[in-house]
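After this come two complexes, each holding chain A, first together with chain B and then together with chain C.
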Partner chain A sequence: MAITVKTVRRPEGEVSYLRATLKGMVVTLSHVFRPKVTMEYPEQKSTDDWTLSPRWRGTHRMLTDEQGRAKCVACGLCPQICPANCIKLVPGEDEEGHRYPLIYEIDEFRCIFCGYCQEVCPEEAIHVGVHYENAEYERSRFVYDLERLCAQTHPVSTLWDPSDPQGE
Partner chain B sequence: MADQPLVRLTIEGVPVSVPQGTLVIEAAKQAGVMIPHYCYHSGLPVAGVCRMCLVEIETTPKLQIACATQAAEGMVVNVLSAQAREARQGVLEFLLINHPLDCPICDQAGECELQDYVFQEGRSRTRYTPTYAKRFNPVEDFGGDVLYVPNRCILCTRCVRFMEHVAEEPILNVSERGDRAYIGIHPDRHLDHPWAGNVVDLCPVGSLLSKDFLHKARAWELDKTPGVCTGCSQGCNVNLDTRTDVVVRVRPRANLDVNQYFMCDHGRMQYRWMNRGDRIEAPLVAHGHELAAVSWDHAFARAAEIVRGTAGRAAVLASPRASTEALFLAKRVLGRFDLTAAFRVQRVSEEAPLIGVPNLALRSERAPNVTGATLLGYTEQFEVAVKALSGSAVVLVLDDPLEGVSADLLRAAGQVIYLGTVLPDAARAAHVVLPIANVAEEDGTFVNRDQRVQRYFQAKVGPGMARPAWWVLGELLAELKLGGPFGSAAEAFAWMAAEEPRFGGLSYQLLGTRGMVLPAGRPAGVGA
Partner chain C sequence: MTPDIKGFLLAATVKIVVVFSVWMIAIMLATWLERRGSAFMQDRLGPNRVGPAGLLQPVADGLKNFLKEETWPKWVDQPLFLLAPLMSFIPSLITFAVIPFAAPLPGFDFTLPLLGRFTYQGPIPMVVADLPIGLLFILAISSLAVYGIVLAGWSSASKYSMLGGIRSSAQMISYEIALGLSVITVFILSGNVTLSEVVAAQQRTVWFVLALTVAFVLFLVSAFAETNRLPFDLPEAEAELVTGYHTEYSAMKFSMFYVAEYAAILTMSALIATLFFGGWDIPFTRWDEGPPSVARCAATLLAFGTKTGFFLLFYIWVRWTLPRFRFDQLMELGWKVMLPVALGYITVIGLVVWGAERVGVALAPVLIGLNLVATAGLLWGLDRGRLLAGARARRAA
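Here is the complex of A and B:
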């Protein structure tokens, strides 16, 4: 059986691409006059109506006392509570007989940023930070030692306070 | 005790019968109730100073301290009633007035009775203002291994009573009065009594600390394994505290028949060698003038070849630190030879007794299994055995450090099989070296000087291919078709019990964690 082709005539107005193209251009042009929603990272890191939450849990920071020493007393609670087992702590004694960490290392690759270490710390020494720019050239650089943790300057996280559940 | 009349009383609704004269606090243990206490300790005289064990006794108008009240017929004791709880809460609140909030840096945290009881029944918040200045006294070095942190002290006087009534060297006291009181030490003396380390264990809080253990580990990181002290032939029961396969401290384990609640400082410090790093990690076989690492199968085949291929005289040089099982099996391996079995032990001239406990002392022979070795036919004529080495066809060394035995002397013997944890220079003359586990890495038994057979348990993993001596010797016996192999130390012990009449009827299950006196041995022990 021979193949027959049935030709259907369509109205000119429906098959013209010109109309659809112009419609698209109108949509595109209308966006030019709308308020901007993108942020030009990395030049711009926050806007008036958007910043990192103060409860953001990023890479750690160790707070220091007036003499610049870590506030940590090596009590061993953070390695105990850490669900990812990413904190290495070896306690020791300084010249004045105070307990302090000989080794304090956090493997930021293993860390799951739960913030339990900050929550459990009785000395308010270790904190998770409001910080997210952590790129490095070597994997080994992601194990933060005590010196590096103390040298961090970013703000620290404000954890959720059960007594003030609505507050920031 | 058995012929004493019983009295019946009710504690927290549980009826119990106890011998007349039993203290309420002890009777409560039978009822399954632990009455909180600080100053009371079963091994010390009653002081009744801490007031923590206040309980309500019906028919008595005021609350009574359970540690100084004797159980009486028909007594009804309420430990958890509102009145008793409130009183104990008050006691805890007073204790916390001056107790520093330094749990994060306190070595006792995690095993502190103050923490436990405050958590259990203390107030959840303080009623003192934050500006209240706590009592402060500087940390004092008591000498010996003991450090005193007066701020944490709750003045239970356990340490004072231990030194006065148990060690009978009263050099501690309670100095000053009222809220200025602290534990004082004789101005010209140090806490260097050979049993003084017990005050650290007795201290319910972190006030008396061990300098050796200071800042080393947190209590919750430690695994505790029952063991037997290797310091002397007394055989004090201990717990080996390990963290990640490292023994970090040794503490006494209560056994009323051997050491009660105590152990000496010498035994306490006997653990560092268990963590030695220079261990033999693979079986070695002599290859020309060198020792070459081989598989266990190869090493057993070579050792069996040595034992099978020779005849005549043989010697076993054993260590009295080896388990009873290993000592027995070592002699069995060379059973068909004319055998000289000897050990040597370090003897010091003086014993260091703990006067308050009968038959408890740091003994002069400083090895745990001297009696076991003697019972199994080893003699202490080590020098004689060494002199006779040159005429021996086979020499089996069981963990003897070979001090004073030169490699040449060993080479003069026929063939040498060395079982050991470490490789002393002289042992390089051995033909086969079999690596064995040390006391912390295997199950086994020791026989103490009172012929009490006591089990010790594996606390950590041995290095490399090192295996327990009972396993190594069992496999060797199997290779020689003389017995074995054994799947566990219990099997090895069972075989010994069947073959050696002196150990007849004993098994690991019967020995438990407290041990048993050998059937033929004299019924010895504390107070016997």
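Here is the complex of A and C:
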């Protein structure tokens, strides 16, 4: 026995072919005159309804103290916690016994931008930044050395605070 | 050479060069219009970087396509693979040659140093070639374009291209019949296939869209199918055939298919304007039928451009509104609806014209009355899904 299909008889206003087509045409035409949602990026970097989150984790920035030296004390926590193993740190010590980084390099290609380095840093020295325009002409330029990290000026990420999950 | 021949050659050369250049620019603008139009319908902006409002975007695209690599897939049939884009490109450009685009210009008579005297007696028709076979030429040449698509599908040695080519041949052959039959009623009224005579007939009476709305609807739908545009773009069908017949093409060869598509759309828009909307006729005035002058030529050219542009926009508008037909629906619409309706309509119009001449009543009121009835019938049939519906709906009815 063949499967039977129950067909529903709908009112003609609903199944009308021409009216449905015309309705569609009106919809597309009305959209021509609506405001456009495109953000014209290089000129326009944020709009009323879209802006970069302060929790955005972009390329790094090293904060400096009043003398312009990196705040880093070469404790070695950030290379220890880094899951991508992208931080190269060689510690040094001056005659007064202050530790400082001899070499501090971050390979931004290996970095997964988890922000653990910022969270773990006891001196609030290394930060992930609210920044995304990173284009370079050479691969080697993506290994940021200490000088370059200190020279960055973009805002730093606020990260996610578990006690304030909504960011209020 | 006599001054007459020299004048004729000069006029013909200038017309060819100007029309070809303007036509190519119009095609470029059409691609721009399509992209901007689609963007605006989707609340986007579209290409707006190159030149004012992105108007130079097609130039950039063309340059890019010249510089890109010409790929030759390993198994393609090389001569046919090269021939196919040309086969679709050339017919779509040639067809415009017979469409009159403005009121005639006055003749000229002047003498140049070295070159001698040039004369052109009588008005210069503003059409590249005012062929006496007019529309038959367009039907013949535009049906050549199907070879381009079929050859592209065949020579690509790719199953998707092949399917696209087969679909397109079936589709274009089916709809060419409806297209050809729907214009027969136009010829019954104009009494001539020359397009300039069709325009003149509409100037004498009314625009044929008022007298032959059913033929206009049939022609419009068939024109969409002939140019492979949505809702009938089954040969391309990005989703299922990976753009069909031009999947394997790259660079300038691909670009040619693209240009051919827009050239065909523009020709069809111009043809719809010419056959049903009076061509270069300016409505509500008889001024444009006066003796030839430059002002009349310019004004009628503007009128023709406006009508053609409207249908171009209509093409774009429909494309970004309607979904694609299924192949069996397409064939059903072509053979079971368009063809019988077109044949029946020819019979009705033929009988009415014959009868009106016999009885001696004025043709126009009868035709317009008949047209109202026929249009209402067609719209009713379409609206209730009587003419085109799914199998299930028909079983229920």
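General remarks:
Assume the second predicted complex is superposed on the first by the 133 of 168 C-alpha atoms of A that agree within 3 Å, B and C clash if a C-alpha of one lies under 4 Å from a C-alpha of the other, contacts with A are read in each partner's own complex, and residues count from 1 in each chain.
The working rule: a residue touches a chain if its C-beta (ideal position, glycine included) is under 8 Å from a C-beta of that chain, and two chains touch if they have at least 3 such contacts.
Predicted, not measured: the structure shown is a model, and the values here were computed from it.
Once the two complexes are laid over each other on the shared chain, residue contacts for A:T21 go to chain C alone; chain B is not touched.
Look at A:R9: by the touch rule set out above, it reaches chain C but stays clear of chain B. By the touch criterion defined above, A:V32 reaches chain C but does not reach chain B. Considering which of chain B and chain C touches more of chain A, the answer is C. In the overlay built on the shared chain, the residue A:R99 is in contact with chain B alone; chain C does not reach it.
Once chain A of one complex is fitted onto chain A of the other, the partner contacts of A:V73 are limited to chain B, with no touch recorded for chain C. After overlaying the two complexes on the shared chain, residue contacts for A:P122 are found with chain B alone; chain C is out of touch.
Of all the residues in chain B, the ones that touch chain A in their complex are 103-105, 109, 139, 214-216, 218, 220-221. By the touch criterion given at the top, residues 73-77, 80, 91-93, 97-99, 122-123 of chain A touch chain B in their complex. On the side of chain A, the complex with chain C involves touching residues 5, 7, 9, 12, 15-19, 21, 24-25, 27-29, 31-32, 34-38, 40. By the touch rule above, chain C contacts chain A in their complex via residues 37, 40-45, 48, 317-318, 320-322, 379, 382-385, 388, 392-393, 395-396.
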